[in-house]
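Every chain is named by a letter (A, B and C) in the order it is written, and numbering of its residues begins at 1.
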Amino acid sequence: MIRVESLTKVFRRPHTFSGPLGPLRTLLTRRYDERTAVDGVSFEISAGEIVGYLGPNGAGKSTTVKMLTGILTPTSGLIEVDGRVPWRDREANARAVGVVFGQRSQLWWDLPLIDSLRLVGDLYDVPAARFAGSLRRMCDLLGLDDFLQTPVRQLSLGQRMRGDLAAAMLYDPPILYLDEPTVGLDVMAKQAVREFIAETNRLGRTTVVLTTHDLADVEALCERIILIDKGRVLYDGGIDDLVTAYAPPRRLVVELADDETRTFEIAAGRPIPELIAQVAAEHPIRDLSIREPDLEGVITRIYAESER
Amino acid sequence: MAEVVRALRLYWRLQRAAMRGALQYRLNLVIGIAAGVAYQGSGFAFVWVVMHTFPAVGGWSLREIAFLYGMRLTAHALYVLPFSSLIGLDWLVREGELDRVLLRPLNPLVQIMAKRLGVGQLGDLLAGLVLLVVALPPLGPASILFCLAAVVGGALVEAAVSLALASLALRTWNTLGVRAFADDLFSKFGSYPMSVFGGAAQWALTFVLPVAFVAYVPASVLLDRTGELNVPAPVAYGSPLLGVALFALAYRIWSRQLRHYQSTGT
Amino acid sequence: MIRPLAGMARVGMRFQFAYRSDVIMSVVALVAQVFLLRMVWTSLYSGRESDPRGLTLEALLAYLSLANLQAFVTTPIIPMIAHFRIRTGTVFFDLSRPTGYLPQMAAFQAGHTAGGLLMLAPAIPVVLLVGTITPTEHPIGYAATLALGYVISVMMSLLICVIGFWTLETGAISLLYRLVSHFFAGTMVPLSFFPGALGVLADALPFKYMGYVPAAVYVGQLSGGQIGRAVAVEIGWIAALAGVLWAIWRRAHHKVVIQGG
């Protein structure tokens, strides 16, 4: 469904000079600042997958998604989405993808939600009968009925996000890009968004690419993740494999009598009772627990290693 | 062809939605129109006040100047009504709004144009048409046709310059100041007989920034004053076509720059 | 009392510098405007025997250049700032400071004007040259009428700022104000050319003190007792505007307190 090969994007912009005559010098000189945002990224995603595309801020996630959607033209490398080259065939590609930005709504701010959905239907040439069916399905899945007539600017963040998801899926695109769809939402709203994504993927075999900082989204939805940092792929594969491969050691956390908390790493192969006995001999223990490695810990460790 | 019809239909739908949104700020709208009339009115009021004391500007009578002014103003209004949202392009790029435009299966320029109708500029159109009709010299049907074509051509000249400059905003340049300046030159210098400004300035306003072709050159044709022009008479007769050519060129520049669009670079 | 106001003035000045590329373009536009007026008026005067309204072409060109420079420098920024701050609600920070809201705005405007003057400095010789300006015979009269005219201009824009508390929208109003004030300040035609009722109206409005009056003093069209009278009327306007501002501000402040509660 999506094929990316040695994808690279270098941003090039005129060097800005400071000082009172700075703007003039910027205009007249031909000096450029270059920054490589995506550096030889390759991956393949098949139809019906939900893939988490993860990385710290500035890793190149958004730039990749912008190239996948045809907003940006790659500096070099190959992209194919549903058999098309997005930047060359932008409009056809646009019909095949739905995009949700958590930070920015595509809905018309001053108009009732339903008007925005109708306009999206028009823009994507959805025939009236199919539109009615799609709208019904979206309303049922997302519970839009209560606020269809409310101007978007009066919607809560959670309601607005549900509206945005509906707008992105109204024309049944086979691919859905989600950029931080749960940012700023409360627990209930997050749950609703995740359920919708899972449902869409299950019913319509929609391929989903999800970028997020909330690893709970990833754990709930994705079987596979692609980790990038500084424009390069660090890991591509299943979540379970990742945790096994990179698993930091389990840890023993003990609370001491004087309210102090100490953490001990459990080296691989060492019997735990032995460790506990050793710790108990040296310290007065009040309570203890064992921490299993989690995704967050794994990913933090990978980032830290890529820093070195 | 079907593609054009679809674009027009969607333009109309989007525009109607934008209007419904804007109608929620009625007071703003009314004051906007009033400001438009006042702005253009104060420009012509200058001419009117001056010509109380002086019979002619560069050999043109008040009536002739009013006709020139009317042509310029109507052309300006025809340009600015559909293109008024282009003014906000710098902002659209900076806020990442252009990303969304590029995500939709419709020509980006059509989408930007449909973001807002310059209803405030209805004042310009009104003032321009009134001047044009009041000061219209006796013309035959062919001349009337030429006049209409010239006004549309003039609108396209202004639109072309504006679009070409605005497309630099796609490279994240700050174009607002330059565009405001070009607009200023069009509206201030476009309404006078160019011979007033002297050779060098007239040359620059004809061949560097084509202000003269918006109204002065075609008005000279209609007022039978082609002898004063610094371009040969056949060129003057063909002036409405220049707008079409310039706009086609500007659209090419726009498309090229769009390909180099860097988004917000994140 | 003085420290916070000086701070506000500095912010105003920095604001001017932050938009310097736009400002540079508008300075270029100013030079173009003066050039346009020069050419149009030279063409109008050509072939005339006597000088209309007793103004020689040289005096007229000097007048126009000065009036435009003045209008450029005195164009108020605070209605725009106030509009933005009322819309976004940040105006409550201004209101919560111990210094009054109107003095803060006035200080901001003063700083902004000073910044504008600094940036305009390189353009002044050009404008003076294009407008062929020679030294004046009434330097004190010019300075006095201009300074008082500036105070009137700031007070008028404060009035617009305050109106913003009711309309919540001053963008279009301030544009309208700018157009009307520039026209009636006589930046394109000296008021003495205004015919009939328009002339009477322009004479009665306070806008002429921002452009026409000081510039006319400079080129010698107003002199002696006329200068004294102009200064007296300007002081009268300032007193009247102060009264109006005070009365309206009290009601506006009341309104804000209610909205904020």
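Keep this in mind: contacts are C-beta pairs under 8 Å (C-beta built on N, C-alpha and C of every residue); 3 or more make two chains touch, one makes a residue touch a chain.
The model shown is predicted, which means the values in this text are computed figures rather than measured ones.
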Steps in the shortest chain-to-chain touch route ending at chain B and beginning at chain A:
1
Please list the single chain whose C-alpha centre lies closest to the global protein C-alpha centre.
B
Centroid from C-alpha atoms only, then distance chain A to chain B, rounded to Å. What do you get?
44
Between the Cα centroids of chain B and chain C the separation in whole angstrom comes to 29
Chain A-chain C separation of Cα centroids, rounded to whole Å
53
Residue numbers in chain A touching 2 or more other chains?
23
Two or more other chains in contact with one residue: find those residues in chain C.
21, 24
Junction residues of chain B, two or more chains touched:
174
Touching residues on chain B, where the partner in the complex is chain C:
25, 27-28, 31-32, 34-35, 38-39, 42, 45-46, 49-50, 52-54, 57-58, 120, 174, 176-178, 180-181, 184-185, 188-189, 192, 196-198, 201
Listed in rising order, chain A residues that touch chain B in their complex are 11-14, 23, 35, 37, 58, 62-63, 66, 69-73, 90-92, 94-95, 97, 99, 101, 104, 106, 108-111, 115, 119, 122-125
In the complex formed with chain A, which residues of chain B make contact?
6, 10, 13-14, 17, 20-22, 24, 96-97, 99-100, 102-106, 171-174, 259-263, 265-266
If we count contacts the way the header does, which residues on chain C are in touch with chain B in the complex?
21-26, 28-29, 32-33, 35-36, 39-40, 43-44, 48, 52-53, 167, 169, 171-173, 175-176, 179-180, 182-183, 188-189, 193-195, 198
